[in-house]
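Both complexes below contain chain A, partnered by chain B and then by chain C.
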Partner chain A sequence: MIKAVMVMNTQGKPRLAKFYDYQPVEKQQELIRSVFTVLSSRAENVSNFMEAESIFGPDSRLVYKHYATLYFVFVFDSSENELAMLDLIQVFVETLDKCFKNVCELDIVFNYSKMQTVLDEIIFGGQVLETSSTEVMKAVEEISKLEAASNAITLVPAKYASGWNRR
Partner chain B sequence: MALSGMRGLSVFISDIRNCQNKEQERLRVDKELGNIRTRFKNEKGLTPYEKKKYVWKMLYIYMLGYDVDFGHMEAVSLISAPKYPEKQVGYIVTACLLNENHDFLRLAINTVRNDIIGRNETFQCLALTMVGNIGGREFAESLAPDVQKLLISSSCRPLVRKKAALCLLRLYRKNPDVVNVDGWADRMAQLLDERDLGVLTSSMSLLVALVSNHHETYWSCLPKCVKILERLARNQDVPQEYTYYGIPSPWLQVKTMRALQYFPVIEDPNTRRSLFEVLQRILMGTDVVKNVNKNNASHAVLFEALSLVMHLDAEKEMMSQCVALLGKFIAVREPNIRYLGLENMTRMLMVTDVQDIIKRHQAQIITSLKDPDISIRRRALDLLYGMCDVSNAKDIVEELLQYLSTSDFTMREELSLKAAILAEKFAPDLSWYVDVILQLIDKAGDFVSDDIWFRVVQFVTNNEDLQPYAAVKAREYLDKPAIHETMVKVSAYLLGEYSHLLARRPGCSPKDIFSIIHEKLPTVSTSTIPILLSTYAKILMHTQPPDLELQNQIWAIFQKYESCIDAEIQQRAVEYFALSRKGPALADILAEMPKFPERQSALIKKAEDIETDTAEQSAIKLRAQQQPSNALVVTDQRPPNGTPPPVGSLSLVKVPSMSGNSDYNVVDQGVNQTNGTLSKTDSQPPSADLLGDLLGPLAIEGPPGAVHSEQTAVSGVEGVPSAADAAAIVPLEEQTNSVQPIGNIAERFHALCLKDSGVLYEDPHIQIGVKAEWRAHQGRLVLFLGNKNTSPLVSVHALILSPSHLKMELALVPDTIPPRAQVQCPLEVTNLRPSRDIAVLDFSYTFGTSVVNNKLRLPAVMNKLLQPIQLTAEEFFPQWRSLSGPPLKLQEVVRGVRPLPLMEMANLFNSFRVMVLPGLDPNPNNLVASTTFYSESTRAMLCLVRVETDPADRTQLRMTVASGDPTLTFELKEFIKEQLVNIPGASRGPAAPAPAPPKGPAIPPDDPAALLAGLL
Partner chain C sequence: MGSQGGFGQSKEFLDLVKSIGEARSKSEEDRIILREIETLKRRIVEPDIPKRKMKEYIIRLVYVEMLGHDASFGYIHAVKMTHDDNLLLKRTGYLAVTLFLNEDHDLIILIVNTIQKDLKSDNYLVVCAALNAVCRLINEETIPAVLPQVVELLGHQKEAVRKKAIMALHRFYQKSPSSVSHLISNFRKKLCDNDPGVMGATLCPLFDLITIDVKSFKDLVVSFVSILKQVTERRLPKSYDYHQMPAPFIQIKLLKILALLGNGDKHASGQMYTVIGDLMRKCDASTNIGNAVLYECICCVSSIYPNTKLLEAAAEIISKFLKSDNHNLKYMGIDALGRLIKINPDVAEQHQLAVIDCLEDPDDTLKRKTFELLHKMTKSSNVEVIVNRMIDYMISVNDFHYKTEIASRCVELAEQYAPSNHWFILTMNKVFEHAGDLVDIKVAHNLMRLIAEGFGEDDDAADSQLRSSAVESYLRIVTEPKLPSAFLQVICWVLGEYGTADGNYSASYITGKICDVAEAYSSDETVKAYAITALMKIYAFEIAAGRKLDILTEFQSLIEELAASHSTDLQQRAYELQAVVCLDAHAVECIMPSDASCEDIEIDITLPFLNSYVQQSLQNGAQPYIPEDARTGALSVSSFSNQEHRETSSHGLKFEAYEMPKPPVPSRPPPVSISTDLVPVPEPSYSRETHVSPPVLSASSSGSSELKLRLDGVQKKWGRPTYSSSPTSSSGVSPSPANGASKVEPAAPSTSRPRETYKDSKKAEVDPEKQKLAASLFGGASKSEKRASSTSHKASKGSSHSTGTSSVSKSSVPSTSEVKSPPQPLPDLLDLGEPTVSTIVPSADPFMQLEGLLDHDESGSTGSNAALDSTAKVPDIVSLYSELQVSGHDSSSTISPLSSNGSNNKNLKRTVSGGSPQGMKGPNLKEALEKDALVRQMGVNPTTQNPNLFKDLFG
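Coming up: the complex of A and B.
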């Protein structure tokens, strides 16, 4: 099972944090910090594996990928294949790339909700849901359409709408 | 740059980004939270768009690390909104902010169900995603059938069905009963005929979870898995979108091979042959290529294939082919593949007959110790450690020693421990062992724990041939200009004991030895000075005829320390001074240390505790079984010198001012004390265990009476380090802790038998809480060790004494608990077969100078493995009749029952999860109940109970218990009997020691529990 997905920048600022076994918010931040401390000390051109048991407890593995200013980190247990997890990071990033056309950190910062939607179509309750980025894109676009339809309604000036409701 | 389409959110994110520091950020966040809170209060004024905007802001704030503790109710209520945007927001925020135990969730179950059974696919997806992420037990019970329907429905789109598969997996994890094992197996097999690879991938994950618990039920899925693998490996009918860098869905290939690893054997020769063909194709057809992503994907498949080959226990030829492949991998340029190559080689060690092939790669593995990547270096170290045996120990250990000087600080401790263990286990000769340990101390003294030098002292003491050699070596190290303090300790100790064996060599006269050791005294800490004083006393004794000058020098030192502020130093100075004035009597008292009794190496034990990598751990265990320790130690239980000490007098401990009379006492105690005092080198012993190692002789030599009287006297004197001795040598029943528990340990245990979380133990220093989760025959207990003090608790040790029917694995318990901190230690429990025996937690810690040791019963009791089951009369009676007579059905008349009204008895049964079925028995004085028991040997097994009471005499009843397993029937009958007869609080269970009645102030038991609940 996948325990957590984290995206953070090279300064250690979290850009996405999803924990598939519940962690209180302070613990989440502590875990992100610990991971970042180790990641930032790793050189380029080394393996994508990092010792995780001292941070996440026994039976935890961690793979990460470094893209420009971002780290993508997956934490999981021994029931998953390490390299397959690494591939899944690649699928996640490729899908984001399709979404935003050459994704950069700013896209992710300002489209936090979209990134969350993409992730939810790839990983579901800590399990791999979909591995084809084409399929993921289809699902995400469907959701976007539904959202856009609802946004259109709000083009009615909000002031009037709320004024109506209050009366 | 694309924008989210929510302007307010973008503005807020920009604001946060523009914050100069954390303080500004906090102010901005607080302002926003205040704003959202006000807006939520007049909820009617919010448009769907606004709600959505605010909720995304909340999630963003939550991700930044701020607690969002409001709006939960609003979020949950949005789920029932009729329109997509509000519903979507409701589901997303609920899944992010709430956990499965949140009370509000329960309110939403019906709405969620309506969305799942409704026709709107987008709503179905939203609902499934939420349940799949945070659905708990209650969701499992009420939603599982509907989710199953979606999964097997032919009219649903793959998008919905793949989510349904994983949602069902979540529900199954929460309650295994929701997947009806018998009926489901066929459906599961049908699901594997699916053509859509997305649905198939999800279904495969579900299958993996199911077969990991019940492989025998899913036999029919095995050939289908092989078919899927063939389809993928031959790239037949794989759509373009599922081909990843030219490889047909590597994830599905990997998952399928994972599923196959849960079937113990593949009997059908045709299936086996097809599978081996596919595996062979994968093994042969994978090359290292330039594209990193392609490489990763193809090797993901390849490494999984290797695991499967190992699991299938293939012919030797195929295995050597695998090792050859791995040998190739550990030398490639691609670091990920080097890493996995080493890791898989370590796993491979467990397979018989390949060790020799692996040894051929030793040189390459040693090179990996110098890899630029620490992850790879760690794997190399693990592998070297695992593959070490008598034949290559010298090479490997010497490599490790060499590497020690250049290795990272983070690895040094592990490295030195591993080197020490290998040296001890596989030493071709003992002088080499001494060399290794001394080099270890010399090169990495800071990382050499006390266990390591204690152990070398023990070896030297027990092996006479080794003594002159060790003394020479120690003498050589003392010539070095700057040596580590641990080296001072070990050299001083060894020279004190054995330097007289060298007396004729140049530079080894007592005077020389004394002055070279004494030179170090100004540089050492107070924990080392007592050792030096002992060494001086020993040198003095060995100087025959006495050398007056040396004697005066040493006496002057003793006198100087007679007023030392450190009690340990002062005591030794006073004693040695008095003793050394006894003249020849000194020789009897300060004679050579007796041999230590052989015991399990504390080092190896420690290493096993440290190991967390499961594969590695089993490698160690395997080794431990294969290689009996070749420690060449003879146990000599007779005291080699002097007579046993007289019973009683303990004036020594109090360190009185030295006057003529108490002098006499001191001398009499000498024989006993030399050993004891010398061993207690640290005023704060690192661990009770370890002390036990060095204190061994004391425990054995003294007649039981002597030991006891000493120990009772000791516990009377507060804060005397010898309390540790008591813990180490006193048998279970007689443990005397100076620290009294708060509350009644037995009552706490009994309360925990009926609930899943609460306080197990508490005293003024520590609180131990337990939180348990039970699923079928497995349980996960988390021990919460909370330090209540403002100073750390050290030498924390926890050992599980588990009865044979429970397999228990306790995670690493840290040696030290920082002040006011709480550490969590998960404990995994697997129940192998029915039994009422109870596991015990042997727990100890040191606070200040007192060692506290407790044996606590763990609430991993039989009723935790029961799951109530509701049966109708039509289901109950055929079962009842089919189980006819002993040993499956046992009847007993129980007398001396605690008199209970029938209603209360029914409650009692329900409280330990045996479900009373009202109205099933026509006689109103009888009770009929049913439950399911889980263990590895019995699987889920139905148990039926009938109790016939006598309204005229409530103290007796007739009980009949039936199940499909004779042991289970018997154990359950005895268990229920205990519940009926016993008064809560009385001890029960053969493995459980009777806990001491509490002497501390009694606090109502629910009080600390409430406190703990707050902590959790």
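Coming up: the complex of A and C.
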């Protein structure tokens, strides 16, 4: 089972924190901080796995991936495969990228709820629900379409986001 | 209005995100957020907020909470939002509540109704949102409220809904297995769903179910195998391909399930061999996900009934992993190797150099994984190298959690495979020196026990040699600064018990050292208590041996200081020591017999020797003793006058003056007492009393003075057969007939040859240092081989294989038997934690024993023994004594062992638990954040232009 998904930037600011076992707010912050402390101390060319038992308790593993200014962190137990989790991060990021056309940290900050939607399509209640990024995209697009139809407010169109980037 | 910022959010929110991004410190960030919370608190309660505005407020609340601030004031608004008809708002509401609330929150009750309604909605997205909330917010009590709807949704036309319904049921199962136990057949049914996504999702709950109960799912082996076959044959839609791999995540899940189903089941495993073999052959090892599948194959192969072909293939993949430059693959390779050596320990040998490379890798994760592997492959032949490496690493590590873990591993390995007691003691010293406060205090007691009991054989010379070497090493170590408390306790105890035993060191030298310890660690009461007891022993031995005491000035000042200590335990020890020093040789000999720490203290809680005395007293009109429970029971029912009567008659507060002593007691004719001259007892009447029944007493005292080792009922774990013994012998190696050698190093003669050739061929290009290490780590017989070659003929190594092996086998036999013989009779070191504690501890704990011995002479041994034995009995004894009208002094000495023992235990506990939190210091995060904030120029970006997230992804 997946215990937590975290996205934080290289300054340690959380961009997304989702715990599949309830954790109180203070505990969440503490976990994010301790994960960041370890992550920031790791060298560039080492493995993507990390000793997590001292932070998350027994039977927990941590896989992280570093993209530009962001760390994507998955915490899970022994029923998952570490390499596969690494690829699940890849799936998540690929999907975000398809969503936002060249995703960057800003997209994630301003489209917090969309990122949650994407994540919910991939991981559901701590289990891997869907691993095909096309399928996830399909679901997310459908949600956006229906949401748009049901309300005048649109989610941020990706082209504006990227346009803002270039400014 | 809402789109001023161009992001669909208001300018306010944009400004907030921006200002937080620009915040230069955590406190500045906190200030900004607190201001934001104030704003939100004000705004959110305003009447008639437009819905989309409200939505933004909720998102801002989520944002605030993600940054670690309390947003509970807005929870109710999020709950309200879930009631909204608008899909976007509803979804936002659900998102917020799943992030805010836990399943036991008070507001959940308001949501359950909405969820019930939404699960029936026509809009499948509403249903999905509700299912999402179900996973997170429904607890055991509310499961029945939504269960019927969720089950119904299993047949929904949309596969996305079916998938999520399965997941929700899985979640219910995790929370309360009984609530869905009747629905398990649904999971089986859904395995045949025509949507591969639903089928894949079903594998998650099935995996959990199979983990718990393998048997009832054996019939599914065929289905799983056929699904896996179809997946690998690319029968699934193209959209499930990932990096040209057909549905790799489904493959992995299936392999995990097959590993469970095939474990120890030859028939089931037989059905899997073909498909796994095909998979391993075909799998693309150039992608990360391909390697993930391969790794899972190895896990599966090592779990199911062994198949030689598959094992060979697995070993091949492992060697590819280990040779890779990718650290992730190396890590997986080490992990896989750890699994495979359980089946075939020989696999490790071909990878020895790769493993050693990993051991020296700068990557900590990899290093730790490698230590895990080494831990698994430890045997008595390589324990020294492995434990030494572990200790080196332990010294270098700062992470307390891991330090504790690796220290306990070192202890475990050393206890299990120690080649000699001397080595064991040296190793333990190192562990204690560097991680003494992190290891269990029991380990310290074990060490003391080992030193005290020695080999457990009648080999006194070896025992005393062991002790002298321990004393020697401790005298060397004790001068080092800042030793952990547990280690100091061991040092003090050993120095006290055996410091002067071999005559190499004078009493004044040893006592000087111990006084230094007590002075240097003056804040640690446990250490001081150990030190003072050690001093007492040394002086007692000196007096008993008839030597003149050489009292040091620091000793005097120490005693004076401790006699005025706040700790009653220390005070008592100090006074006892003062008393012992004044006694004559014979008395001291009886109080403190030399080298008696292994004796049993026999305890007879019925105090039979008092029977005749009690009888006598009763005859003389004394009140019979009423047990405490009977007494309190009587109190609760009896009338007040009755109670008063009892109070005066039995024990309790007396408000009248004490009666005159009863005549029979002092007038008793003094019995022939053997031991009255032992202690100058102030009240002669009392000493006579205690010896009213000399035969019984002498029996119990002779029992305690007899030198008797408690070895019965103690399991012997030393030198027990390692896991390597059975698999190798099953793989065709004939066990060597030599004494015990087959047990420890079964593969010695047969494996040495291939390894040797391997080494020879590799020799040219590999660092000889490393090679040596490899040989000592992996070679079953390498150690003996090395010994043989260094002692006898060096030529044997270079000679032809036949002579090489013969010399190896010849030389390995004596050396293995040498290694083998000492561990066998060793007492079990791990047994202290087991229920026998109460009987073993007295013989191991020097304090208790000391007290027992002291009281043995002062009050006839039984009182103290009974006190040691059970807390509950003590009040009874006290009352007994008060009935007997013994003066207060005596009864207090009866309780003392217990109380000092209790406080002692407390101290131990405190020192153990106190160790870890102290050291929890890491790099200062706040500082790092501040520094990083300085670097930032605008918004959330570290630089003005936006770095592309995916340059490594898509070029």
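Quick note on the criterion: the second predicted complex is superposed on the first by the 152 of 167 C-alpha atoms of A that agree within 3 Å, B and C clash if a C-alpha of one lies under 4 Å from a C-alpha of the other, contacts with A are read in each partner's own complex, and residues count from 1 in each chain.
As a convention for this text, a contact is a pair of C-beta atoms (placed from the backbone, for glycine too) under 8 Å apart; a residue touches a chain by one contact, two chains touch by 3 or more.
Keep in mind that what you see is a predicted model, and the values were worked out from it rather than measured.
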So, A:Asp77: does it touch chain B (first), chain C (second), both, or neither? neither
If you stack the two complexes on chain A, which partner ends up touching A:Lys114: first (chain B), second (chain C), both, or neither? first
Looking at A:Pro14, would you say it contacts chain B, chain C, both, or neither? Reply first, second, both or neither. both
Quick one: is A:Gly57 in contact with chain B, with chain C, with both, or with neither? Answer first, second, both or neither. first
Let me test your reading of the model: by the given contact rule, A:Phe124 touches which partner, first (chain B), second (chain C), both or neither? both
What part of chain A is shared between its chain B contacts and its chain C contacts? 14, 16-17, 22, 25-26, 28-29, 42-43, 45-51, 53, 79, 81-84, 86-88, 90-91, 104, 106, 109-113, 116, 120, 124-125, 127-132, 134-135, 139, 142-143, 146-147, 150-151, 153-154, 161, 165
The residues of chain B that touch chain A in their complex are 1-6, 9-10, 13, 17, 42, 44-50, 52, 56, 59-60, 62-67, 83-85, 88, 92, 99-100, 122, 129, 132-134, 159, 162-163, 166-167, 169-170, 197-198, 201-202, 205, 208, 241-242, 244, 249-252, 254-255, 258, 293, 296-297, 299-300, 303-304, 335-336, 338-340, 372-376, 378, 612-614, 811-812, 826
What residues on chain C touch chain A, complex-wise? 2, 6-9, 14, 17, 20-21, 52, 55, 59, 62-63, 65-70, 86-89, 91-92, 95, 99, 102-103, 123, 125, 132, 135-136, 160, 163-164, 167-168, 170-171, 174, 197, 200-201, 204, 207-208, 211, 239-243, 247-250, 252, 256, 288-289, 291-292, 295-296, 327-328, 330-332, 362-366, 368, 399-402, 922-923, 925, 928-929, 932-933, 936, 939-942, 946-954
Write out the stretch or stretches of chain A touching chain B in their complex. 14, 16-17, 20, 22, 25-26, 28-29, 32, 42-43, 45-51, 53, 57-59, 78-79, 81-84, 86-88, 90-91, 99-101, 104, 106-107, 109-114, 116, 120, 124-125, 127-135, 139, 142-143, 146-151, 153-154, 158, 161-162, 165-166
Complex interface listing, chain A residues touching chain C: 1, 9-14, 16-18, 22, 25-26, 28-29, 33-34, 36-37, 40-43, 45-51, 53-54, 67-70, 79, 81-84, 86-88, 90-91, 93-94, 97, 102-106, 109-113, 116-117, 120, 124-132, 134-135, 139, 142-143, 146-147, 150-156, 160-161, 164-165
